[in-house]
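Same chain, two partners: subunit A is paired with subunit B first, then with subunit C.
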Partner chain A sequence: MAGSALKRLMAEYKQLTLNPPEGIIAGPINEDNFFEWEALIMGPKDTLFDGGVFPARLTFPPDYPLSPPKMRFTCELFHPNIYPDGRVCISILHAPGDDPMGYETSAERWSPVQSVEKILLSVVSMLAEPNDESAANVDAAKKWREDRKQFEEIAKATVRKSLGL
Partner chain B sequence: MNRTADGFEPSQTESGPHSPVFEYDRNYDDETMSLQREIEKQISESQDLISPSQPLEELVEEYAKEDQVFRQKLADLGTRFTHIRKVRGDGNCFFRGFGFAYLETLLSDDAELARFKEIATKSKEELVALGFPQFTIEDFHETFMEVLGHAEKKCSVQELEQTFNDQGISDYFVVYLRLMVSGHLQKESEFYTNFIEGGRTVKEFCNQEVEPMGKESDHIHIIALSTALQVGVLVEYMDRAGDACNHHVFPEGGRPVVNLLYRPGHYDILYNMQ
Partner chain C sequence: MRSLMLSGLSFALTAAVIGNAYYQKKQFYPSVVYITKSNPSMAVIYIQAFVFVILMGKLLRKIFFGQLRAAEMEHLIERSWYAVTETCLAFTVFRDDFSPRFVALFTLLLFLKCFHWLAEDRVDFMERSPVISFLFHVRVWSLLIFLGLLDMYFVNHAYYSTLLKGPTVQLVFGFEYAILLTVVAMTFIKYVLHTIDLQNENPWDNKAVYLLYTELFMGFTRVVLYICFMIIMIKVHTFPLFAIRPMYLAIRSFKKALHDVIMSRRAIRNMNTLYPNATEEELASGDNVCIICREEMTTSCKKLPCNHIFHTSCLRSWFQRQQTCPTCRLDSTTCLEDIRTDGLSNRELLNTLTLTRTQLSKHRLARIRSLPSLFTSLFCCVTGGQPSAAPSTTGPPTSTSTPAASPSAGAAAATPPYPFVPSMPMFMPFGFPPPPSNLSGLSEEELRTMEGSERANVEARIQWLRDIQALLDGAMVLIGQYNQVAASMGFNEWNPGSTSFPRGTASTKYRHKHSDRCTHLEAAPPRQCGPKEHYQTRYSQFFCECVIYHFSGLEGATGFTAPREMEVPEWEDPREEEHEDEMHEVRRRRLQRFSQDHPSGNTDNLDLD
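== the complex of A and B ==
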């Protein structure tokens, strides 16, 4: 099973290198282990996170792509859909049947024809448009809903920090 | 097991056993999900993906001893079928059961195998045309064609059983059947959109209910698979209504090649060996 996963991950890496989507870089941390990837995600233009560069880790299970990877930001990121420890909580990262957040019916789910690229693009749109209906960080969701100004300030500080400023 | 059974186990040290407190840093979702994974693992370790075939009477021993309705239905079923093969209850049983039973018939039907091989070969291009990225479907298609190749080389039923009990191969085969169903639904979306509930588009339905592994099959999956592949499927329904098993053939009016037994939430394979 891990052999099929490796083959698929190599194909995806090649695909991402040949046709990188805008604002996303991703690949294995070490080419000896294709099951641990690092990704850099640029904050999408004209959003609160514009200008930031956010590093994340993707960990793939041995039965990938039957099951989805896990994704965790390794930098600070105060956001309704990111747990305080960095783990990303969006529908496409959940195995079928796991629906702790009761996502809306149109939300993309994981299936074997999804891909790393699809996940990262979903993460970019999550940064652009937080979903406070399914909050992983309750504080962040509350601020986003009730005190947008303060949320914006925290986001700006996060962007600066991500650039090492 | 108790620890995570409800996901909200009270914190013993801080607040006593009867006043559950929400711990901010604790990830209850993960605990619930890992419990679910654990249950799935237990099911999978106790059950073959595809069991050897066994006489139908053994079902009476297992399930229906004290149940009058099921006993009656089994007696009725016994007038049409003699054997059963159990399929693992992992949400893929319809696809896996269908796949095995159909390939088993192909072992002795060269003309049908040739017809099916052509459909399967062409299906990859059709999926790419529908917008599935090639690199996401390639491995599944390859495995699917390999398994078909075993049947073409006239492998034995035992070898086919082994192939379908090899989780890696078996699951990839199931994924590709799911993709063919998804492809058919999307190609004929104008028709199928009428049968989809919850205000979802056909594409959303496919993404959520067809393509993910472990998602159970409904009538729409069966209609789409049997229509797309032009393979007749007979389903015997063993539920609580009436005293005989009702059956239905998909697609309507087709000649059944594969026979399945449906008990609420699950499909197994039926045979008439007389």
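== the complex of A and C ==
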């Protein structure tokens, strides 16, 4: 029998395929390696990113689900909680030990209860409601806070770009 | 494509150089001499050799690994850069030995290192892929044997060459290959463990532990090797700058392995001692999917104090990282350790926890709220007195009760039971907020937060209840003994109000039917009165102190307030009047013996009979 991490990832893949949440598609890039996933996230309705489809890559550690996976968008996304290089900054992706922003309680951090589905759903809600208190992309946070109009324009441009228009 | 062009160019250049030499000299030996004498020709030959080495490497890679995965390639390139830098640093140390042979040896070392890393990555990949082909096993086996043999050969070679020629650059190679040998050993052990795991139908719980110990052992070996290498290098040559980074990495990984092993041992110990195994019904009752691995739980599951059930192995690996419940993040060790420091054994602790759990799962809040009041009333019944509510910050010292509780069994059994008046309803209105009448109205979150705080309260209360129980035992012994002494002396009740109390409990009132007998006590001859009055005072003092301690301690519990005004049930001992005459004689004899045996009134020896 295979390792527990692999089994759990296979179970999650099955769950996500049989019962996909709205606006999310995710699965291993190559079924030989279940530790590299690709996810497609649709911008939530009636938000700035409405209509966009954003590809992201999830990398799972060998000791998943004890450690969180890493997630990074492979497209350009101007958002306060996404680093300029595409890495996603949400608290449930942080291992309980480290605290990059220094303000999260351990209750918000990663635990084996979380899953790919929950991560992706949190990312969707993060797209809908940026949190400018702990900005990963300071420029985006500043725009979001001070110049909402321009932020909206950039977001719309991102959406168009993500659709290949 | 570019590499193909480069190697083609290199081949063409070599062909040109050799062709040119042969064209000029027409014979084999003169052309060789010509090429070796000409620097540009030699450069071309060296480049060609390098190309050959790379092609050889590619061929071997094809044989042993097939197509490299992207992650492996990335890993390889990243590590190669460090290795190349370190090799260059090593060249500076051994610049005197610099020769083509020396460079060739270092290149070979670099190549072998690359193969070791790839082998490591491949074996790690076993855990990640659902399909492991037969070819994979063949490749790993042959590769590991090949690498192991080469490493051993080079270590051997370095050893003998050092013995014969003294310390040269071979020393470095010897150590490098020895380190690589540990890598091979580690990879092989990992491979064996993964293979065994793959053969089994069920997940192999202990694999992680074996892996940890292997890593610890190999880490230790590596650290020792590096330290030896450092010492020898400093003695023979100079400080080996090129070995600093790998040594630091080795020490760090050893430290991590050590930490992991310690944490894992702690987790295992905690799990074995603190948490009960989940029973069949508990597994069957709820959703029996382990939240960590998303597998069904059938055997060997542990239940945490917060009622969450997990696989033992999953929980162990999680506890290795964090000591909280994965589901509700209740810090499961701290509250347990608090109780343990109070001198309870693990067995007792388990019982307490089981008790807590069953109570929690039944009528959670209602039960919890009524518990302290029930015990309060019980306690008041036993003492027949009103507990003083003197506020005190000191907790109840458990040790106070132990000497008194020890002789309890015999004495308590000998004393007939007192006619307790159950007066529980009387105390119910005091201090306790009524339990919420309808829990269904609360949301899931509200219930959960309520559970969290209630659990802490229950734990505090149970701890106090244990103390109360011990003190109650002690009190029972004291009452029994007092009664016996009192009965034998002809007065059967005492009035604590007449003696001085150290803790300001003068307001305490005891009503008693036979209080007039106290006058009899005062009229008694002083020789007889001395010791018994002493005892009486000591008993009542101790008794009241117990009471004070208890209720001051309980004041701390959330939601608990000690009852302040209470009706004291009246009671009497019916024996005294019936046997008064008979006892008079006994009492006189005892008092005589008493004054002989205990002229100082030593209270430690309470067992007068």
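The working rule: the second predicted complex is superposed on the first by the 156 of 165 C-alpha atoms of A that agree within 3 Å, B and C clash if a C-alpha of one lies under 4 Å from a C-alpha of the other, contacts with A are read in each partner's own complex, and residues count from 1 in each chain.
Assume contacts are C-beta pairs under 8 Å (C-beta built on N, C-alpha and C of every residue); 3 or more make two chains touch, one makes a residue touch a chain.
It should be emphasised that the depicted structure is a prediction, and the values quoted were computed from it without experimental measurement.
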{"item": "Room on subunit A for both subunit B and subunit C (clash or fit)", "value": "clash"}
{"item": "Touching partner for A:33 - first (subunit B), second (subunit C), both, neither", "value": "second"}
{"item": "Which of subunit B and subunit C A:111 touches, first, second, both or neither", "value": "both"}
{"item": "First, second, both or neither for A:62, with subunit B first and subunit C second", "value": "second"}
{"item": "Touching partner for A:12 - first (subunit B), second (subunit C), both, neither", "value": "both"}
{"item": "A:47 touches, of subunit B and subunit C: first, second, both or neither?", "value": "neither"}
{"item": "Offending stretch of subunit C which, after superposing on A, collides with subunit B (from 221-229, 311-319, 473-481 or 509-517)", "value": "311-319"}
{"item": "Shared subunit A surface residues [contacts with subunit B and with subunit C]", "value": "1, 3-4, 7-8, 11-12, 63, 65-67, 96-97, 106, 111-113"}
{"item": "Interfacial residue positions of subunit A with respect to subunit B in the complex", "value": "1, 3-4, 7-8, 11-12, 15, 63, 65-67, 83-85, 87, 89, 95-98, 100-101, 105-106, 108-115, 138"}
{"item": "Subunit B residues touching subunit A - in the complex, by the definition given at the top", "value": "24-25, 27-29, 32-33, 36, 91, 132-133, 135-140, 143, 167-168, 171-172, 175, 179, 198-200, 204, 207-208, 211-215"}
{"item": "Residue ranges of subunit A in contact with subunit C within the complex", "value": "1-8, 10-12, 31-36, 62-63, 65-67, 96-97, 106-107, 111-113"}
{"item": "Touching residues (chain side subunit C, partner subunit A) in the complex", "value": "69, 71, 124-125, 127-131, 194, 197-198, 200-204, 291-295, 313-314, 317-318, 321-322, 324, 326-327, 329"}
